[in-house]
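You will see chain A twice below: alongside chain B first, and alongside chain C after that.
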Partner chain A sequence: MISVRNLYHSYSNDDKYAVKDVSFEVKEGEVFGFLGPSGAGKSTTQNILTGLLQLQKGEVAVAGYNIKKIDNRMFNEIGMSFEESNLYGKMTAKENLDFYRKLFDVETRDSMDLIRIVGLQGKENIRTKEFSKGMKHRLTFARSMINNPRIWFLDEPTTGLDPAIASEIKDIIREENKKGVTVFLTTHNMYIADELCDRVAFIVDGEIRLIDSPKSLKLAYGDKLVDVEYIKDGKVLKETFSTVMEEDKQRLIRVIGSHDIQTMHTKEATLEEIFIKVTGRGLV
Partner chain B sequence: MLGKVFVLFKRDLKVGLRDFISLYIIVFPVLFALVINIFIPGINETTVNLALLEGENLEQAAYLDNFADVELFDSEEAMEERLRKRDNIIGILPGESGYVLATQGNEPESVVEYAKALVTYHAFGVTVQDTRGEIVDFGRTMPPLKRMLVAWAVLFASVLGGMLIAISIVEEKVDNTISAVNVTPLSRGGFILGKSLIGILVPVAGTVLLLGATGFAGVNLGQVILLLLTLSLISVLIGFIQGINNDDIMNAAASIKILFLPLFASVAAVEVMGERWQFLFYWIPFYWVYKGIREVLADSASWGDVLLYAGIVAVIGGVVYAVLAPRIRKGLE
Partner chain C sequence: MKLWHSFKKELKLASKGMYFYIEVGVAVVMLLVLLLFVPKELDGRHDEYLYLDLPQGAKELYLEKIRSEDLDGQEESVTLKQGGRMISARKFVLEDVRLYVLEDREAVIRYAEEEREVAVVVALDPDDGLAYTYYLQGYESEKLRNLYLIFYNKVVSMEEIEAFFDDVEVRTLEGNPQMLNDRENLLPPFLTFNGSLMGLFILAAYVFLDKQEGVVKAYAVTAASVWQYLMSKVGVILFASVLTSIILVAPVMGTGPNYPLLLVFLAASGFFASALGLVLTSFYRDIEQAFGALYILIMVLILPNIAYFTPSWEPAWLKAIPSHAMLESFKEIILDRGDMGYVLGASAGFLAAGAVLFLFANHRFKKTLTL
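And then the complex of A and B:
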């Protein structure tokens, strides 16, 4: 459904790349996650895929359309939810959706149905400039599925939402995916990535470091982390070591050999810990 | 595609009516027509009306009827009652030495002078055959102020149309909604066309209402609209570029003001400048459109003239387009 080969992008049109040699494939019906700290190049990649940014270098195909020269019909088949909500402030929630529906050539969903799905019923006749940030975000999210997209691009769909609403949004995504919608999702929230994604790509500084399923990542790294508390210079230090990475193994041996060990537990790795282990970077 | 273009227009209009400045711009021509009607006598009423006493001087009445609307009254009282009405009517009564002109006092000087001249010509026995174009022209003169204001208002409506576009583009930018429209099947060209419509259709509708309400309903509407449309191409382009260059509605609206200077200069040039200075204004599109509309309102424009003026404006518009279009496309990305 999505195929990206050797994608580069520079906002300054030089060799300062926001996205560097990125390649990946997304299969039909898959939930594919782009996981990385902010500034990693997730939105840039997604904006190229949806034609919002001009493709500079690389090969990109979305739903069978070549992104080099975009055919407007492609937009009947994709949906895009924006990181920053973007609605007409002087129009009500319902007017925003009613207007947007008319811009598509395909059958669209009923505005009130969508408003209900994201829990905004009763607010449909309020102008969106009166909305809270979370309400705007939900409406922007709802709008992105108005044309029953085959491929659904979601840029940080749960960021900034309170946990209860984030969880509802997560359920909606899962629901749509069950109906066969392919989902491309960017996030720096590893719980979302863990729970929703069939596969994730770890992206840092514009480069993909790894692509795998959360399950096999945990098989590779899970149960193979050790939390160690030890005393050094009179202070208690806590550190996590991998028992598969050679460098960590050597350090663990040194710590055991030269310090007093207080506690030592093996544990299942979270996706975030795996991310840190693989990229050497945190997710914020 | 055309359907979606109108969807954009309907949205812009709906939102425009919710915004104080836009609403004011949209209703401007109608407001202006009201003002004109209140302060300047109607066009039909300024055909000079003369009131005479019935049977007093049949030959004079027949003579004057060639040049003015003559109403006959059977008594001085009836005539006086008529004279007191709002419009311009001048009573001609036999006096001790010749005739007395009776007026209400608020008639334009030109009308009074005209009546005087007619009575004098009659007294000297000047016949229709003797009269030159001058006197006939004099008779057909509408109040020039009214024609000037209406022609000016048409130009102004076009500029305000550009202002509507600037305001709506600023709103799209502030709300960041252009990117949402960019991920729909509506093409970039369709978007630009759709956003242009409010700047074209609102002035056209306003102009039709304005002309209808100020007594110019009978003029050649096609000629006025052709001139207006060629001017609107430029107003629309300026509206887009100001919308793109500003992040605040007030600033965007205010920046359109740069057009007011050439607009007023053009009106002044046509109305008061001598023939040999006119060439200085040839580069201003307002000049040609004003000239054209003024002639159409005076019923003295031929299609040849109108097409020439519109053609000149279209060429200037083409140059403006060539300069601004790439920047507009870039700015809407």
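And then the complex of A and C:
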């Protein structure tokens, strides 16, 4: 669905590249995470993919359309949720969505349905300039679904939302993905990437350092150990077992079988730890 | 359809924003100025205060002569206020002057000293001719002073002056010229300013506001085109331009002007000015950056207004400024027998130039609108 080959972009039109030799593919139905700190080149890449920035060098195809010469029909296939809410403040929530519905050539979703999906029912007739930041963000997110996109670009979709709303947003993303929507997720939040993405790309200083699934990365970079707390003779004991060594595996089975287990944790690495290990940089 | 929906949305947003009402408000203020403060014919007469230091018989003869030159042949008894004093006077309105004849010589001189008015004392000279003593302010030109000296004190006889003018050949270049009254004459500059130049500035403001709110980016990822976005903005500017122009023209001119032609010209010139604004806007990220260029452009476009009110100054290069053709076209439209060919030609020119500018702006904005 998305194909990027040797992408370069310079804002100053010289060799100071914001994005350098970036190549990757996103398959249909995949949730692909683009993970990196601020200024790493995530937004630049996404803006090129969505036609907001002109392609300077490289080959990019989105939904079968060549980005070099953008065909407006491509926008019928894609949806874009922006990190910064960008709504017409003088128009109500429904008016905003109703207007955007008319800018596509494909069947669009009902504005009220979308408003309900993001939990803004009852607010549809309020001007969006009176909305809180979170409400604006939800409406911007809802708008990105209006044309039933096949490829959905999400830029920090849960930033600034309270945990309950963020969880709802993640559920919506999962649900749409189940319907076959390909998701291109740009974020510096490793938790949402870990929860949602089939594969992630780590980008730092405009270059992709690694692309893999979160599970494979954890296996590759995590320690294969289990921390166990159990009760023996009235005392709480804590032991670490290797999940690879046969002797430790047998001992772990015996502990589980003969004692009350208090806690048990695998020592897999978080995406953030892996990111730091791979790139030598934090995610903020 | 996308253009129509975008235009409707722009119109709705404009009706909820201040710029639209600023345009309408300015038009209403201009109209009030025209109707309440600008007379149909401006009174160019100046005031002169006279004391007749003459014997009674000569005085009567002099007053009779003035009365015969009065526009309605009547004198008016008025009471003037000078400082704290109330002064009685006879008022005569002549073709180029309002004369106040006072009975108090000192009061006449005080008008020159304190009120900076022209004061004249008329007396008899030793030959029983009339002698005029003018109390001037000192800044009057040599030419004027000489003129008074020659004309009133008979350095050159009236016969000689008349003979000179009789020898001057007057050839009429244009027979039966059409004239606008003073109020109507102000309409073309007002229409040019409100209809076109203000639209240029407000269009830039609309685009920069959209950029600031980020809604341009949201629009850019829809299946609508950049030209539809730009044209919807131009449409709102044209709508406001037509509305404000009608507000100005209808009450002042009534059914006189050729309204269909006015609409054609407003659309063509408005389109040109809007496209010019778009081209300029495409080079800047925000209104602060663009303000200097906008200011210079509007100042240049205002230059032909100076020539409009100063007939003796109209250099050839001024005609190259588009607002010159706008002024002339608006003038032709509101004249009874205006040159419709000129207006249609100018409309076609503005439409063609506007189309070229619009295409260029569209090309630029494809690269820069979302930056």
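Brief remarks on what is shown
The rule is short, and it goes like this: the second predicted complex is superposed on the first by the 241 of 284 C-alpha atoms of A that agree within 3 Å, B and C clash if a C-alpha of one lies under 4 Å from a C-alpha of the other, contacts with A are read in each partner's own complex, and residues count from 1 in each chain.
Please note the rule applied: a contact is a pair of C-beta atoms (placed from the backbone, for glycine too) under 8 Å apart; a residue touches a chain by one contact, two chains touch by 3 or more.
All values derive from a computational prediction rather than experimental measurement.
Partners chain B and chain C, once the complexes are superposed on chain A, run into each other and clash.
Applying the stated contact rule after C-alpha superposition, one finds that A:Leu219 touches neither chain B nor chain C.
In the superposition on chain A, A:Val236 makes contact with neither chain B nor chain C.
Once the two complexes are laid over each other on the shared chain, residue contacts for A:Gly51 go to chain B and to chain C alike. Of the two partner chains placed around the shared chain by superposition, chain B and chain C are both touched by A:Met80.
Applying the stated contact rule after C-alpha superposition, one finds that A:Ile253 touches neither chain B nor chain C.
In this superposition on chain A, the options for chain C are 20-28, 56-64, 74-82 or 164-172, and chain B clashes with just 20-28.
Shared interface residues of chain A, touching chain B in one complex and chain C in the other, are 50-52, 54, 72-73, 75-76, 78-80, 82, 84, 86-91, 95, 99-100, 102-105, 140, 143, 147. Those residues of chain C whose C-beta lies close enough to touch chain A in the complex are 1-2, 5-6, 9, 12-13, 16-17, 213-215, 217-225, 367, 370-371. Across the interface of their complex, chain B is touched by residues 50-52, 54, 72-76, 78-80, 82, 84, 86-91, 95, 99-100, 102-105, 140, 143, 147 of chain A. By the touch criterion given at the top, residues 3-4, 7, 11, 14-15, 18-19, 171, 174-177, 179-187, 333 of chain B touch chain A in their complex.
The part of chain A that touches chain C in the complex is made up of residues 47, 50-54, 72-73, 75-76, 78-80, 82, 84-91, 95, 99-100, 102-106, 140, 143, 147.
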